[in-house]
Every structure is written in C-alpha cells, then in structure tokens.
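Heads up, the next two complexes both have chain A, just with different partners, chain B and then chain C.
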Partner chain A sequence: MRKVQSLVIGAGPAGLAATIEIAKGGGEVVLIDENAKPGGQLFKQIHKFFGSKEHRAGIRGYDIGTQLLAETTSSGAEVLLDSPVYGVYPHNEGIMVSYLHREQEKALLAEKVILASGGMENTLSFPGSTLPGIMGAGCAQTMINVNRVLPGKKVIMVGSGNVGLIVSYQLMQAGADVLALIEGAPSIGGYGVHAGKIRRAGTPIKVSHTIKRALGENQVEAVEIVQVDDKFRPLAGTEEIIAADTVCIAVGLSPLTELAWLCGCEFTYIPLLGGHVPIHNENMETSVPGIYVAGDIAGVEEASTAMEEGRLAGIAVAQALGLYPPEEAVPLKEEVWNRLNTLRTGPFGQKRFDAKVELLQAAKGGN
Partner chain B sequence: MRVAKHPILPPIKEPDITIYVDGKAIPAISGEPIAAALLAAGIKVFRKTAKKGYPRGIFCGIGRCTDCVMTVDGQPNVRTCVTPARENMRIETQNGLGSWGEQG
Partner chain C sequence: MNEGVKYTGIPSAEELKTCPGVVSVSRLEKGPVAVIECVQQIPCNPCEKACPFGAITVGQPITSLPVINEEKCTGCGLCIACCPGLAIFRVHKNYTETTSLVDFPFEYYPSPQEGSVVDCVGRDGQFITKGKVNKVKKNKQSDGTTVVSVEVPKKYCMEVRSIYRK
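So, the complex of A and B:
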C-alpha cells in the first residue's frame, strides 16, 4: 500500500487551508474530496465576509475559494477528487484511509490524518415536512448560487440565524419571492445587518412563530404557520395559511462526524457547537494520536474560523512530522490562535469561544 | 427555472445536452447535477417511498441525505444532486428501493 506523510479528508475551507500549511512546511500531503470540484461550501457563499482585514473581510466567499484553490495548486499538494472516504483505520504502521474512486476501492497509509468533513443541515419534523419543495436553506443556496436554478418561486424561510437571513437575501437576488421568514424564538438569531436587508426588501420577519404543517399533494402548495408563547406552545386562533411552493429550513447544522466515530475518537456533547463533537486539543489533535480535526466537524462555526482551524491543524501536523522545530511552530500557531480568538468575539462569537474552551478542557480530562 | 440574470454572479451557460426523464427529453448543461436539470425543467418529485409511495425530492443538495435518489442508466439509488448530467442519460423516477436494469 502506498505510504504518505499526511492526508486531509475534505476540501472545504478547513481542508484546503490545512493542506496549504502542510505543503508550505515542506510536507507530503494528499487532499481527498468526494466531490468533482474542491471548495466545500465556500463557492455558494456569495456574500462578503465580516471580520478584519487578515480574515479577508469584505471579500466574497467564492473569491476566497478561488484564492485557496490557486494556493493549493501552486503548493504542489496532490488533490484526489471524486473520491468518497469510507474508512479510517489507525493501526501500528500508520492510519489506513480507504476510499472509492470510479467504483474502485483504494487505500492509502498515512502518518497523520486531518478530518475536515464539514457539517450537514438539521431539519424539522412537522406534518408534511417530507413533501418535495421542503429543503435545507443551504440546499436552496447550493441550487441558486452554484447550480444556478431556482428550487421554487414563493419561499417561506424557517429560522433567523445567519444562514436563514443570508439565504433569504440570496434567494431574492436569484429572483424568488421570500414571503416570510419565521423564527420560533422571540428575537432574531443572526446579525442585525443581515436582518435589516431582508426587512428593507419587504419580507416580514415573524418572531415567536413556527410552522404547523405543510399542505400539498405531490409537492408543497401551502404552509400553515402559528404564533407560539414563551414556552413554544402554539397559540390557538393565530394560525395563518400562506400559499408557497418552497420551504427552506435553516435551523442549524451538525458536525459530520462518522469518520471520527469510526476511528475511535472520544466525543463530548456541546449543543452550541452542533451536538456531538470529537474532543481535540490546542493542536486540533483528537484523542486518537495522529488524527486531527478542523472546521465544522470540530464544532459548527463559519468559513473564516474553519480556515483558521485548518491552518492550525496543518501547522501542527507539519510540526509533528518534524518539519518545524518547536521554536518555529509555536509562534506560527500562536498567530493563528490570536486570529481565532478575535473571530470568536462579539455577542455570537463569545458563546462559541466559551464552547470551544469547554471542548479543549474535555481534552485535558475535564468535563 | 434557471437563474440567468444575477446582480453578482456571471451569466450562465446554455443547455448543450439532452437527458431523458421517464422517457421525456429535457435540456441540460453538461456536467451540472442531474437534480439541477430537473428543477430547471420544473420537476420536483424524484422518487416515491417504498411502503406508502410518498413523494420525495431534494433535501440537502450536497449528497448527504439520499432523498434525491433516482434510477440512472439502469442503476438505482443514484444521488442526483451530486451526479453530473451527461448526454442521453436515462433517468427514472424511482419507486421504493428501485431495481437494477429498469433502463439500459
């Protein structure tokens, strides 16, 4: 079996950044993704990013993606596309990673492996929730911005976090009518700037509202929404039926962790990070030596934090491979930690910061 | 419907191939996911569930949930949201678990 120094699974922002760092350090690295094109969720993010200059704020997600791809190509890293990984097996000679390519089973043996598989959208269950036309908000975002097709014309958005707000606006840019954005909590979940854009476009944001059921024979034709009290109980008499052909569900993401479970990583449960997350230390290394995590798999955040975590894991792997002496690696990692810490400030960031501290403490045997 | 005009994104390509959905010819752009060509043609029901025959369409759009599977060139359970469309592809609405060789 072919042996390599390091292998990165998932070519989203986290995996690309990790690959670039390992290659920069002079390491041999193979990047694997199941898609035909690299980039993960980045190319559907057509909005400008927040943060400071070194976080590439003000630049649109797909431009960041294009930059990362160019850096990956010039780094000399090997990129395997169209290759879903189905197994990660640590044993004494290294970590075996098995994958499919054009229906053929293949495997590589790596000294270090970074899992950067991202996350997937959560859903809601209500009568009619499986009807065609009801989909994740990220699914609609993929359809309009990447595949350039409208999943429907008249949309109800459920959930007012940043994904719900951003995708509502992007649906309008793509030519759909967003009839209403409903939110179960008594206040809007995402940034005020994004919410303002939706409101100015004339879409009502109905807080303390939920979806009661979806109506339709072969696909969604209407939805019934209802107001809820402070304990999320529907208030009789407040029901409203709205004709719609699409319902987008934006109620958060969960880390995509199958591979981490499979290779025996220890987990902890942190709802703010999306549920069960593999425990990792300051180097992004899990409880299984040689296996690292970065990005949404290590707790759902956003593309900017995913990139920084990827860099961190990449530098740590390069150091573990002996490519950097500690006196070089430590300041490099500190720089990344400083940037991560600034990204994790503010009303939303602070909570993620605290949740990440909890995760790091779990690695030290706390929790 | 295709998103042809967009305030930020560049213009899109024109359809250049034909695929067949339950025998009906629809235009597609080579390499786009099958699901995209179907949505552009207004098709939203991709399969029927095994026990009750309930309709299903796309849900995640990124190959994770398997709600969008159809029979493609005789092979059942193909995730249409991540499988590229190619000239003359035969796509069938899948009933239940599907079966091999519905089309060849």
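So, the complex of A and C:
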C-alpha cells in the first residue's frame, strides 16, 4: 500500500488551509474530497464574507475558494477528487484511509490524518414535512448558486441564523420571493446586517413563530404558521396560512463526525458547537494519536475560523512530522491562536469561545 | 414599535442615535457623508481598510463597532460597496434646495435605469416616496455590488435606504 506522510480529508476552507500549511513546511500531503470540485461550502457562497482583511473579508466566498485552490495547487500538494472516504483505521504502521474512486476501492497509509469533513444540515419534522418543495436551506443554496436552478417562486424560510438570512437574500437575488422568515426563538439568531438586507427587500421576519404543518397534494402549496410562547408552545388562535411552493429549513448544522466515530475518537456533547464533537487539544489533535480535526467537524463556526483551525492543524502536523523544530512551530501556532481568539469575541463569538474552552478542557481530562 | 435590530432586523431609532457610525445632524448639513448603520458587534472590519481617507476606525478587537470621523469623511462613497453587511449609505442632504441624494448598495437584477423614477423604500422595505435615479455605479472595485443614488425629498434622506426590487 502506498505510504504518505499526511492526508487531509475534506477540501473546504479548513482542509485547504491545512494542506497549504503542511506543504509550506515541506511535508508530503494528499488532500481528498468526495466532490468533483474542491472548495467545500465556499463555492456556493456568492456573498461577501465577514471577518478581517486577513480572513479575506469583503471578498465573495467563491473568490476565497479560488484563491485557496490556487495556493494549494502551487504548493505542490496532491489533490484527489471524486473520492469519498469511507474508512479511517489507525493501524500499527500508520493510519489507513480507504476511499472510493470511480467505483474502485482504494486505500492509502498515512502517518498523520486531518479530518476536515465539515458539517451537515439539521432537519425539522412536522406534518407534511416530506412533501416535495421542502428542503434544507443549504440545499436550496446549492441549487441556485451552483446548479442555477430556482427551487420555487414563493418561499418560506424557517430559521433566522446566518444561513437562513443569507440564503433568503440569495433566493431573492435569484428571482424568488421570500414571503416570510420565521424563527421560534424570541430574537433573530444571525447578524443584524444580514437581517437588514432582507427586511429592506420587504421580507417580514416573524420571531416567536413556528411552522405547524405544510399543506399540499403532490407538493407544498401552503404552510400554516403559528405564534409560540416563551416555552415554544403554540398559541391557539394565532395560526396563519400562507400560500407557498417552497419551504427552506435553516435550523442549524451539526458536525459531520462519522469518520471520527469510526476511528475511535473520544467525543463530548456541546450544543453550542452543533452537538457531538470530537475532543481535541490545542494542536487540534484528537484522543487518537495522529488524527487531527479542523473546521466545522470540530464545532460548527465559520469559514474564517475553519481556515484558522486548518492552519493550526497543518502546522501541528508539520511539527509532529519533524519538519518544524518547536521554537519555530510554537510562535506560528501562537499567531493563529491569537487570530482565532479575536474572531471569537463580541456577543456572537464569546459563546463559541467559551464552548471551545470547554472542548479543550475535555481534552485535558477535565470536563 | 421597533424593539431593535435583534428582534426586527432593523436598528431602532435609539440604536441609530447612539451608533458611532452615524454622523451628527450638523455634519449632514455640510455636504455628502457616509452613514454607517452597523449597530451590532460582529467580527468584521473591511470598511476600515476601504476608506482612503482613514475616516473609519474599527480597531481592536475586531468586533468593535465602526466609528466614523465626520471631519475626515469626504463623502466619496467608496466604502459603500465594500461592506459585506450592506450597512453603509451615503447621504447628501443639501443636494438641491428641496432634495437630497441617498446612495445605497443594490445587488439585484435588473439594475434601475439612470433618470428613471422609482419607488423608494425604508429599512423595512415599505414604500416611502418616489425618487429619481441619479446614478448607477458599477465597477471592478465594487465587485458586483451596484451602488445606486436616488434623489428624494429632503425630509426622507434619513429614511430612504433602498428601492423596490423588480
């Protein structure tokens, strides 16, 4: 079996950044992704990103993806596409990674592996929720921005996190009308400036509201929404029926952790990070030696934090491979930590900072 | 009643009044100026780098609110398209005796026609007044974000923030 120094699974912002760092350190690295095109979530994000200039803020998601790809290509890293990984097995000679490529089973043996598989959308069940026309917001985003297909004309968005807000805006840019955005909590979850964009376009945001049921024969024709009290109990008499042909669900993401479970990583449960997350230390290394995590798999955050975590994991892997002496690696890692810490400030970031501290504590056996 | 951006997506009158990006009443009288309606601490700072005159400061931490220096701001409008939150506007209150110019980012197709009369809306998307499209700016630097300038009756210059999307 072919042996490589390091292998990165998932070519989103975390995986790309990790790959670039390992290659910069002089390491041999293979980057694997299941898609035909690398970039992860970035290529469907047509909006300008937040963050600081170092995180390429103000630049559109797909342009960030293009830049990272160019850096990856010029770094000399090997990129394997169309290759879903189905197994990661720690082994006495290294870590075996099995994947499919054009229906053929293949495997590589790596000294170090970084899992950067990202997250997946949560779903919501309600009467009628299996009707055609009801889909994840990320799915609708892929349809409009990658495949250029409008899923419908009259959309109801459920969930006011940044994904719900941004996808609502992008659906309108693509030519649909977003008739209402409903949110169960008493306040908007995402950034006010994103909410402001859809308000200016005339979309009402109804907080303390939930979807009661979807109506329709062969596809959604209308939805019934209802106001809820502070314990999320529907308030009788507040029901409202809105004619719609599409319902998008944006109720959060969960880390995509199957591979981490499979190779025996220890987990902890932190709702703020999206649920079960593999425990990792300051080097992003999990409880299984040689296996690292970065990005949404290590707690759902943002592309900017995913890139920084990827860099961190990449530097740590390069150091573990003996490519950097500690006196070089430590300041490099410190720089990344400083940037991560500033990204995790403010009313939105502080909670994630605390949650990440909890995760690091778990690695120290605290909990 | 608008309880604020966290509940409605629209900054309340109080939030706008205390917002360090929103200029004073006296500055508005003096000529075109940026109005930065960014009232929530989020990790973001491209506006700071966008201003060639150093009139916008975010500083550290990156979640601080952008602060406008109303003396330094020349009203050039370059910052409008650089804000990923689409939260920066330019207001030229005394454009004529009776009208003002309001510039805002617009990322929908089709772009309005220069010279045409359009329906102008407020922060809640509701109709406020008719206005005349004075300019439609689109260049490489603004990276796909069109900046539209509408001429509206003076009394609406701090209310009009967009136009109907077609």
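Note that in this section the second predicted complex is superposed on the first by the 367 of 367 C-alpha atoms of A that agree within 3 Å, B and C clash if a C-alpha of one lies under 4 Å from a C-alpha of the other, contacts with A are read in each partner's own complex, and residues count from 1 in each chain.
Methods note: a contact is a pair of C-beta atoms (placed from the backbone, for glycine too) under 8 Å apart; a residue touches a chain by one contact, two chains touch by 3 or more.
Keep in mind that what you see is a predicted model, and the values were worked out from it rather than measured.
Student: Put the two structures on top of each other at chain A: do chain B and chain C fit, or clash?
Tutor: fit
Student: Just to be sure I read the superposition right, which of the two partners does A:Q173 touch: chain B = first, chain C = second, or both, or neither?
Tutor: Once the two structures are laid over each other on A, A:Q173 reaches both partners.
Student: Go through the superposed model and pick first if A:G25 touches only chain B, second if only chain C, both, or neither.
Tutor: After superposition on chain A, A:G25 lies in contact with neither partner.
Student: So, does A:R60 touch the first partner chain B, the second partner chain C, both, or neither?
Tutor: Both partners.
Student: Contacts for A:P132 in the overlay, against chain B (first) and chain C (second): which applies, first, second, both or neither?
Tutor: A:P132 sits against chain B, while chain C stays out of touch.
Student: Check the residue A:G196 against both partner chains and state whether it touches chain B (first), chain C (second), both, or neither.
Tutor: Only chain C is touched by A:G196; chain B is not.
Student: Touch check for A:I205: first (chain B), second (chain C), both, or neither?
Tutor: After superposition on chain A, A:I205 lies in contact with chain C alone.
Student: So after the superposition, what angle do chain B and chain C open up at chain A's Cα centre, nearest 10 degrees?
Tutor: Reported to the nearest 10, the angle reads 100 degrees.
Student: Closest Cα approach between chain B and chain C after superposing, in Å?
Tutor: 5
Student: Which parts of chain A are in contact with chain B and also with chain C?
Tutor: In chain A, positions 60, 173 sit in both the chain B and chain C interfaces.
Student: So in the complex, the part of chain A that touches chain C is made up of which residues?
Tutor: 47-53, 57-60, 63, 172-173, 186-188, 191-203, 205, 207, 304, 342-343, 345-349
Student: Can you list the chain B residues touching chain A in their complex?
Tutor: Residues of chain B touching chain A: 1-9, 12, 31-33, 35-36, 39-40, 44-46, 54-65, 81-82, 84.
Student: Given the complex with chain A, which residues does chain C contribute to the contact?
Tutor: 5-11, 37-46, 49-50, 60-63, 82-87, 107-109, 121-126, 143-145, 161-162, 164-165
Student: Enumerate the contact residues on chain A facing chain B in the complex.
Tutor: 34-36, 41, 46, 60, 120-121, 123, 130-136, 138-140, 142-145, 147-151, 153, 173-175, 218-219, 256
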